[in-house]
Amino acid sequence: MAGSEAKKVLRKDGEHTVKVALSPTLTIGDGSFVVIAGPCALENTDQVEKASSAVKNAGAHVLRGGAFKPRTSPYSFQGLGEVGLKLLAEQGKKLRVPVISEVMEVNQLALMLDYVDVLQVGARNMHNFSLLREVAKAGRPVVLKRGFGATLEEWLLAAEYLLDGGTDQVILCERGIRSFDNTLRNTLDLAGMAWVKERSKLPVIVDPSHSTGVRSLVIPMALAAAAAGADGIMVEVHPTPDQALCDGPQALTPAMFEQLMQALPPLLSATGRSLAHHTLSAVSGGAR
Amino acid sequence: MAGSEAKKVLRKDGEHTVKVALSPTLTIGDGSFVVIAGPCALENTDQVEKASSAVKNAGAHVLRGGAFKPRTSPYSFQGLGEVGLKLLAEQGKKLRVPVISEVMEVNQLALMLDYVDVLQVGARNMHNFSLLREVAKAGRPVVLKRGFGATLEEWLLAAEYLLDGGTDQVILCERGIRSFDNTLRNTLDLAGMAWVKERSKLPVIVDPSHSTGVRSLVIPMALAAAAAGADGIMVEVHPTPDQALCDGPQALTPAMFEQLMQALPPLLSATGRSLAHHTLSAVSGGAR
Amino acid sequence: MAGSEAKKVLRKDGEHTVKVALSPTLTIGDGSFVVIAGPCALENTDQVEKASSAVKNAGAHVLRGGAFKPRTSPYSFQGLGEVGLKLLAEQGKKLRVPVISEVMEVNQLALMLDYVDVLQVGARNMHNFSLLREVAKAGRPVVLKRGFGATLEEWLLAAEYLLDGGTDQVILCERGIRSFDNTLRNTLDLAGMAWVKERSKLPVIVDPSHSTGVRSLVIPMALAAAAAGADGIMVEVHPTPDQALCDGPQALTPAMFEQLMQALPPLLSATGRSLAHHTLSAVSGGAR
Amino acid sequence: MAGSEAKKVLRKDGEHTVKVALSPTLTIGDGSFVVIAGPCALENTDQVEKASSAVKNAGAHVLRGGAFKPRTSPYSFQGLGEVGLKLLAEQGKKLRVPVISEVMEVNQLALMLDYVDVLQVGARNMHNFSLLREVAKAGRPVVLKRGFGATLEEWLLAAEYLLDGGTDQVILCERGIRSFDNTLRNTLDLAGMAWVKERSKLPVIVDPSHSTGVRSLVIPMALAAAAAGADGIMVEVHPTPDQALCDGPQALTPAMFEQLMQALPPLLSATGRSLAHHTLSAVSGGAR
């Protein structure tokens, strides 16, 4: 990558890596491992409450849930919109964890900022440069997913739009690319994640849910991501995956998520790392 | 494609295919072959004038040129913006041909409608569903490029967003996909074009410039597209490709474009077709 | 391709392109267009006779048929073996056309040479360097299919093994590559074909049957190949595709093949070319 | 994979998984983790000795080295042949570890059986069904690499050729596939490995060297493979990678390999596993 046009996202000699503050009490990029979890789509009060308390109780650091869903078909469930954001924010406050949700267009941005701690730019919008510029101005931490048809270099250059736009609070998220083999939903490019981690000063996390599309592969790939040095994972959990309105087959049950959260600490410990933790002041003062 | 969620873009028994009016006097989708040509990016008055008169004189039906450029890097030339649109519209009026340019975001739409006859949604925005919905409302004819990482089904579903949004003035454009072989810029999927043409009632055109990225392959692929039944092509032409600010290596010289325009009629004739022509009233009344 | 390791397959200034003698009276590589046709697999006497006479009557230049079939599963029909080769050779003699069949392994080579005029190395064996070296020694004309996972450079280097092994009677055959879009069987890389044709002195043909896997796309892609400058095509034809033991969905019916053979001459004529023809002496003297 | 044609390689209810005996004292497929290491190509006595003692001292279980090299270009180093096999076998005897080398063609098989404990069928030969049938007859344990253009189903079906041929001593090896992103040599499909492991009764290992092509990514990917449940890894090690005749950039130095061998035990322990060990009788009796 001698000829990379990316400059700001690359690691320079002697320069600290970027630590992104997901909340006043939670940081990613300091070597510890952050777990973001929750349902693919926010569906209703009961589902959001059950999913949220399940993931929080098992030890998740950040709560996720989609309110605006980019769907390939105009006839698929498009998300609850602001109603969903409210549900998510309520759970975040109640459980004292920061929340993340995807922003799909510039016009949603102001609304999103009222409810979420972390913004997500989805794979289909990685090349939406107008959106990237506006998100950068918001200054809120942002998870930038890799496009499923984007090279590693293009991913770094999309992040460069954010850094050039004035923020360095950027987390990269590998979520699988397309390959000729369609057995699984996507092909998880863990080596690409490690390659980016080596070159960029930004934290990099992995999404084992969208990348595989298969529940039983989520835990093995989450552990693999941890072993390979990722800064965290973003995992989908649903109280009753069979009834999910979106991507049920890849959602972990609460019991499986708990199993994952128990498997992570010894594995991280084997490579000298540990799960992230909210700092003490957080416990007393609330996540936000 | 028995399970296709696309419904409105598919051809139903006994139903006419869609004819898209590119101008009051020019139609695509009626079996004739339409040629859209011009520079990748609008650069300055001299370049726009020279490119426009060259392609018009050689027989192009529609003039193209990018004013807003989606660039992988934030540091690449991003286009002239409204200044470019003005130059393009002036040439369209002067030469009596409709003009097309790419709209990258919802906020540009009102401005674009003042200057262009046909809107283009680029490959990187095929999955930008918010943009698709707004473009549909504008009612202006739109060329929808296939995403370089999008399946044929997803391309049809993106068009479905447009038809579901209220317009059927949609032209599909195959512009190459990504494959493991990076010798050429993309892999032109002509069979995919033919497959879509067989199923959809929408006109389908081919971009032999972006798909190959190599000047010498543009004419062979343009002829192949015509032989395979495409409704037209979109080709990049630059008066001095070596000095182009964007994608020079794939731009035809005016002389090569002339050669292409001379090769097309006999080839189309061999399959019972011909180049489109502006109707008589157009000649007297202007393109718009 | 400045750094290409291929040397012998590349065109040098002032050097003649290679003309390959498919029979004493039929040449490929001289600008005319050669049609190779017949069933995917040789199945039985009746099928071979019907397919052969159908394609010969419609104007095919070479008769094809597989006796040894490389099948993904060990439980699929593996071909008739020598029995099939005999049937094929008989039809070739009777109809005075050369015949081609695939050689899958070194140990089959001596047997094949007794029956076929032209050897085929299949996509799955493009990287079988041991086979290439032995085929080169045989001196018989050979059609080298591109591997579905092979780059253009690797395809040329596989041909380089043949030329380095002592023969220049090599015809390259593009038959589609794998891409993320599995709607069609493969992604036909016509631009790759044109790119190779520009660089290599070897004739290049196209297989529109395996590349698409869909009967209705075979004619459009055959015409596209002709328009793009290919030296010929290899097409599958079956008297009753519904009953084919192998790849029925992509086989043309005899009626469709006739339609193709009528469409080709005007299209070739439009680009200053024509179908190949067996020379006069051939008509009196037999194909072999 | 409801419609899989593979039957013998799949896991059936109540049936034991296959344990493959790499030597009288070393088994793979019993849950422990096997490390195969050595140079890509066997080059000369000094290199083979140094590489062998380095990997053995660090704890490798099997010694690897290529004597016949499948090279894309006919002008690249093609391997030492029998001379190399002798060097490898000598080191195996001296160091009391089994050795593995790649068999490229049927005619090499008898020779290989004189020297190696385990046969390897390379990625380019996964579809060489003739070779698979002969290898099956030999009865020797075989590592079957996945073709870089092969689907997971095709890989299982290639193994099915081996099992149908009479042996179940088969180890599958994921070594990366081709994707549109050519930043790294291949795209390591760890999730595909886990998917196969879930369905097949055969042991599955991972090659982090060929899949990445980059030395610094080998350790992260080896650890990821262990965390994801692979039965082992095959890693390239060279005493002086800068002078390697083949694939130097991906070879670990002896020091890096030692580092890897120290990192594996705690990581495996975290998931309740451990490195394989040669049984006691082996220590006294020799590997073969």
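Labels for the chains are A, B, C and D, by order of writing; each one numbers its residues from 1.
We take it that a residue touches a chain if its C-beta (ideal position, glycine included) is under 8 Å from a C-beta of that chain, and two chains touch if they have at least 3 such contacts.
Every value quoted in this text rests on a predicted model; they were computed, and no experiment measured them.
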Computed over C-alpha atoms, the centroid farthest from that of chain B is that of chain D
Larger contact count among A-D and A-B belongs to A-D
Chain A and chain B have mean C-alpha positions lying a whole-number Å distance apart equal to 36
Chain B to chain D, mean C-alpha position gap in Å, rounds to 50
Where chain C touches two or more other chains simultaneously, the residues are 149, 178-180, 182
Per the touch rule above, chain A residues touching chain C in the complex are 149, 178-180, 182
Per the touch rule, the chain D residues reaching chain C in their complex are 5-6, 70-76, 104-107, 124-125, 127-131, 147-150, 154, 157, 160-161, 164-165, 178, 180
The answer for chain A against chain D in the complex is residues 1, 149, 151-153, 177-184, 187-192, 194-195, 198, 211-212, 214, 216-217, 220-221, 223-229, 263, 266-267, 269-271
